[in-house]
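Here the chain labels run A, B, C, D, E and F in written order, and each chain numbers its own residues starting at 1.
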Amino acid sequence: MSNTIIAIIIGFLVAPLVGGLISGLDRIITARLQGRIGPPVWQAFYDVIKLMSKESMVVNVWQAFCAYAYVSAAAIAVVLFFLKSDLLLILFIQAVGAVFLVVGALSSTSPYSQVGAHRELLQILAYEPLIILVIAGIYLETGSFKISAIYDWNQPLIFKLPFLFVALGYALTIKLRKSPFDLSTSHHGHQELVKGVLTDYSGPYLALIEIGHWYDVVLLLGFCSLFWATGAVGMLALLALTYFAEILIDNVTARMTWRWMLGYVWAMGFTLCSVNLIWVILG
Amino acid sequence: MLENVVSVSPDTLAGEIAKTKYEGFRFVTMTCVELDADTAEVIYHFDRDFTLKNFRLKAAKNADIPSISHIFMAAFLAENEIQDMFHLKFKGLIIDFNRTLYFDDNAQTAPLCRYTVSQIKSPEPESIQNSGDV
Amino acid sequence: MFKMTPTILKNFLTEKATRLYPFEIREPYAHVRGELVNNSETCNFCGICAAKCPSQCIKVDKKSATWECEPFECVYCGICVDACPQESLSQKELYRKPSAERQHIIIKGEIRPEKPDAPVA
Amino acid sequence: MQEAIQKTVQRTTIPFGPQHPVLPEPVHLKITVEDEIIKEVVPALGFVHRGLEKLIDIRDFHQMIQVVERVCGICSMIHAMCYVHGIEELMKIEVPPRAKYLRVIWSELHRIHSHLLWLGLFADSFGFESVFMQFWRIREKILNIDEATTGNRIIVSVNVVGGVRKDLSQDQMRWILDELDQIEQMTTQLESTLFEDYTVKKRTIGKGLLPSRQAVELGIVGPTLRASGVAQDMRQLGYAAFKELDFEPVTENNCDCWARCRVRYREVLQSIDLIRQAISKIPAGEINVKVKGRPQGEVITRVEQPRGELLYYIKANGSKNLDRLRIRTPTFANIPALFTMLPGMWLSDVPVIVLSIDPCISCTER
Amino acid sequence: MAEIIFLLIVVPFIAALGCLLFRIQFIRASIIIICAGLLMGGSLFLIPMIPFAYSPGSFFGVNIHEILQGADFLLLLIIFYFGIKHKNLVIQALSIFQAVMLGYLEFFLSDGGGHDVVFYCDHLSLILVLIICIIGSIICLQAIPYMKNHEAHLKIAVSRQPGFFFVMLLFLGGMNGVVLANDMKFLYFFFEVTTLCSFLLIGHDKTERATRNAVRALWMNSIGGAAFVSGLVYLYVKLGMLDMQNIIHTTPQAGIIVLPMALLCFASFTKSAQFPFQSWLLGAMVAPTPVSALLHSSTMVKVGVYLVLRIAPAIQGMFLSQCITVFGAFTFLAGAALAVGQSNGKKVLAYSTISNLGLIFACAGVNTSEAITAAIILIIFHAVSKALLFLCVGTIEQHIESRNIEDMRGLYTRMPLTALITVMGVITMIMPPFGLLLGKWMAMEAAARSFFGIIMIAMGSALTVMYWARWAGILMSDPFAGKFKLERQPVLTWFALISLSLGAASLSVVSPWIYKLGIIPAMGKDYLSSYALDFGILENSFGVFAVLPLSLVAVFGFLIAVLAVKGATRSRIVMPYLSGVQTSEPRVFRGPMNQNVIAEAGNYYLSSIFGETRLTAWINIGAVILLTLVIGGAL
Amino acid sequence: MKKMLGKIIASTRMKSPWILHFDCGSCNGCDIEVLACLTPVYDIERFGMVNVGNPMHADILLVTGTVNHRNKKVLTNLYDQMPAPKVVIAIGACGLSGGIFRDAYNVVGGVDRVIPVDVYVPGCPAKPEAIIDGAVLALKKFEVLRQQKLAV
């Protein structure tokens, strides 16, 4: 029971702190890659606290509802992850957040929000099947959807599921809103859609979404951590490498279009998943 | 001084311009100069191999001028601009902004005509509250 | 797909381009056209500057010996400096500092008796 | 209540600008898209229109130099140069040769800075932020040269009727050459990213096609035209000292955004070469001549701006104020191209294609 | 027992006749309300009695098997008559074929029947009966105000409602018959009754379009009927009996029954409008919306999946079973893909129904304990949520005179409560902890070992999210935050909408106990129960779904979010971002030439990818290939 | 406690000013200098400043260029869409007063003719250093605004 409570606390409180810190590091590393100094590590927190203290301003009160729903779903997903619950269930709960983000954007009549929302849906369309297949692959290998069982597995999954890890990488890039997939909204606003799904959010509600994004980051890194669950050092190294690779990819690619994204991610992702799944099924 | 100047009238304009196009000239731009209270001069500039050819058209300010935008599509911007600035009227413009290319409803007409300029008053600073409306 | 990688990795590993302004201020180049100053000692309020200024931001009143400038209208072209017969005008090497209020510069000199051979604009 | 007519393709109307993060300048495009495919584009101008052609009434022809420099801050020096060419022609002033070479050097520096700026913005338009940062980092070197040699980073104000205001010392020229070497090296480092990277090629090749016949018919100028394979560069007129320098107009035959990017990229290198030539050939002597009298008559002058052919029509009547000043800037000529390039493309291509003509609304509207 | 069966099957028939005879609105409404009450009550009374078997010998003194024979041929005659009336050779041929087969079965093979148990009710039947009686009744109640409005809209002078409600109630009886019948001859009869009812209801509006679509539904379902009767003949020839329970549980060699089972599956596919037979269900959308809700989403199309679930234990482990998985998963994916391309609200619902039925088939095909659980859960919750959504669309349609999703943009300002209920319906379709998602979760975990199955289900699932989310989103798409007046609706409409939405939510919360009390027994001894129930958490060896805790969290989160909305009403309301050219009108910006332009926004239907005409051809080809595999595999 | 919270908020506001840059008819000179602030040599992200390009997210409105009759409405629209507290920085001679163009017929004048301006950054164009100084001055304005709010 006390374990449960600790897990819940970690999930609710520590995870966003870690997520925010990762965002801060991300910005620094990105800046360094571009030959700049970049912001302080705590910048993400400054931003969010500032946003919290701004005037509350909405286009439609539904935005408030959706922002809360998004951050709650993201938080619950992370808590369930720390409770070592069912992977598929966690994915579904995370999807609730994604859907509410879309619904919130659709509730504004600005075409930027609307187009952003549809692109977000297309992104969901691209990454969700991949994550499901990754989870299925993990299940085929370990015989369980439960994180507790997966963490107890006796060898790093990445040796058996390397292609699935790459496929997860695609999903990760989309989810983290990194180039070439920062279609629905991007971290820097220089995009044809302004801020896409987030265009009409402001102040505290934007802060909530930012926090939700931190939860998402932690959750996704959690997914990645499943691939090296036998030791903390290996796991951390894998996560650090993965995240650095994401930043690198962000900085060496142009933003693409959703048509390309659907085609490319489906073709590559499904091929990788299929190969790996067949390998697991036959092996 | 301007090179290769040809005078045209509103009647011969379209024919001359079409001929110029046939000869392989490229539309450069049009310039409007006010001559006096009633007349303005429109100069059409064309270029072939770095040589300019200019057509001068004297036009009464209140009479319509035939548009050449159906011959050279690119002329539509220049013609719209002249409509805005000199209050001339081009007939048959393919995209007619109807004197709203640069100016809002409240702006003055024909600012580049010396003889009709009416200076508008600088407006007071607008209050912020009721400014949501365009 | 990864053509940019060497460049950014190089950026990552080498010194950053960032100049740490305002903590580190680079020495300005010589003859940079910055803030306009008039030396009230040397100015004879001839008004040449006012006449030449393309932005028409200088007003000179010979009678009351005042030289007024709207620094927010000045475009830092330096034409006035070139034109000033007294070399009374000069430009600092730094720009005028931002301010929270509108600014207006008035320089009052002493009214000197007009010399008969003074150049006339 | 019977079955509603099935509409599966929905129209979306997007007000693109005047305030929009990817548009560097306030222009408004009403874009109609269906499933993100552009169906119709209607522009609205006038957000930058100041009416500065009219300022001739209250500014004399010397002061107008500073005004036309501010038609656009990016290639300000070239505007002023074009203008003073016209006045000089009207007043029959022979400019000292050294001044002509200096004009070439500064105008080519402006071209480099403008193209580097554009290459950065272009990369940003398809979301390649690190390339943007890299080009702007390179560009700062040019601005340093400007600041050190003319006294200002951007609006340099070096032209006067009859010559130039500033001279370059031997040291400065050597320094410029050194800096140019570095600029060349840093720029060529990015060549493979701009032209061979898979994602960049996906976003630029085949986008905004403008076949050469159409380009000529629309009166397109500058790199946009040269990217459609037409070798037309106003520097071939030989103004300033260009007739004594050796260069070929840069052309590409792809007619798309990729080619436009490539033309500008190659022009950076070309300009570096031109500056080297100019520095090696520059004669000693005066940098300006005393000007007396007032302009009279009518003249058209044309120069090549970073964006293409710039045309000044000046009509003077012998007083200190001009009678008419007309500025036809390259973007004014290039805007019609958007009408043919945009429809049929995707919404994500709008910034890329709009930027590919290197629009300068400030000078279009004046 | 007899009374209950009588109540569930015969009373609706009698009430139906009553509707036909008494042509006064008030009396008709009363009859419907009473009948609905009886059905609901009756179905609840059934709960303590199961399982039971019941074989009435006679009905009012006539041998029930003889009644059946007579009714069977009468039915086929009616169908044949419609075939002639609408000059449709296929219907004529198929009804003659069925009559011949049936005659062969009745008069040459069988000795008049009587050996088989006629009615059998276990937990699976019970679940279906509850769905039919409760949801079906609610829909019938909502149909009373709906049809009044409907006829007013169409300006029909002489009311055709008596006929309409006659068929509706008849259908309820027929449905109960299908799920209670154990003797497959009876099953076949009721099966055909639903076909006929469906035909009559689709054609109710008597427009040229309605008639055409009704005829299409009839001939496609007749194919199913023909397959069904062929299966019966084959079974009888091989086994000498038509007792469902017996056949499933006591078959000596599995090999014998593969072909008839495949034929039954085929019949199920037509009934459940699986590809390539989807077109009749889409055409059926011309019918008044209660019809769509009752027949074409929550009940009749469930007959197909019910049948397959019934026979699932018999085909466990067979290749046929695997084929059904792939076929079902394919339909799930294809239906979802086609739904993405639709802007017509009812068509989205139709494709979504097809898609969900495909998922249920896939579960039945996977045929493990988890999969069957998933299938039953999906049946229950799909029925509730989909009925709700259909009724919502019907209500909306009557208000805004359009069923196009685009026209529902910002519906919240016009019909706040209906819009909220619709969004609620959508949420129950795609989000945890609601039942449908619980089912989908189980389905995915169960299907994870099927390579093709899981890939198609994964893609289909993402597509599903896409078409639902955008619909829910645009209902709320309006920049105002002011207070709105509640729209006016008839009491019965509110009753239907609110009871169904509350039902969808509350049933989800108690789904673990539904599982324990209803589904485990429904799976019977053929499957080991797999999920353990603890604190309202369903858990098995490889997965866990915390239904109750999540529900509590969801309720809690919902309350917080509602408070947040209340707080947000005090915020400053601004116009949406329109690049700085917005005006004081919400969607209007100042465009070129100083003109005000409306910033339209349209959904993406991706017609280049998910266009109906393009995609349907390919999907039908794929489905035919898979179907050939199903049947061919059996041979 | 409340005071503490206020301090934290104040300090984060100083550390995370998000910028909306609106080119209100400038000659591009000031514009590109604003953009240059974002690039490696000046890198104002060091101070947490990001160019968000969207009034709904912005704290600071940077305006370059002259106000004319057409864009003044756009300017007020954008200003209205920004959530409080917000400050406005006018940049360049044009933004301050209309600069060299202030006598042209289509020019209304400086930014303060239309919306209240908190900080004036002179220059033609204003140098990146000056823009950074202006932003620092604007941050102080946030503190002033907070004090005012507390006083009310």
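Definition applied: a contact is a pair of C-beta atoms (placed from the backbone, for glycine too) under 8 Å apart; a residue touches a chain by one contact, two chains touch by 3 or more.
This one's a predicted model, so the numbers in the text were calculated from it and none came from an experiment.
Minimum number of contact steps separating chain A from chain B: 2. Common neighbours of chain B and chain F (chains touching each): D, E. A simple rule picks the central chain: find each chain's mean C-alpha point, then take the one closest to the mean of all protein C-alpha atoms, which gives A. The chain with its Cα centre farthest from the Cα centre of chain F is E. Counting C-beta pairs in contact across E-F and across A-E gives the higher total for A-E. Averaged C-alpha coordinates give centres for chain D and chain E that are 65 Å from one another. Inter-chain spacing, taken between the CA centroids of chain A and chain F, is 33 Å.
Averaged C-alpha coordinates give centres for chain B and chain C that are 39 Å from one another. Look at where the CA atoms of chain C average out and do the same for chain F: the two points lie 23 Å apart. Shown for chain B are the residues that touch two or more other chains, namely 100, 102-104, 111, 132-134. Annotation for chain D: residues touching 2 or more other chains are 12-16, 18-22, 36, 46, 49, 51, 54, 58, 66-67, 70, 128, 130, 133-134, 137, 140, 155, 193, 197, 199. Residue positions 1-4, 8, 11, 16-18, 20, 54-56, 75-77 of chain C each touch two or more of the other chains. Working note: touching chain pairs come out as A-C, A-D, A-E, A-F, B-D, B-E, B-F, C-D, C-F, D-E, D-F, E-F. Per the touch definition, chain D reaches chain E in the complex via residues 1-4, 6-20, 28, 30, 34-36, 42-44.
Within the complex formed with chain A, the chain C residues making contact are 1-5, 8-9, 11-12, 16-18, 20. For chain F in complex with chain E, the residues that touch the partner chain are 22, 54-56, 73-75, 77-78, 80-81, 83. The touching residues of chain C, when paired with chain F in their complex, are 16-22, 25, 54-56, 70-77, 95-103. On the chain E side of its complex with chain D, the touching residues are 150, 153-154, 207, 209, 285-286, 341-344, 347, 397-398, 401-404, 406-407, 578-581, 589, 591-593, 597-608, 611-612.
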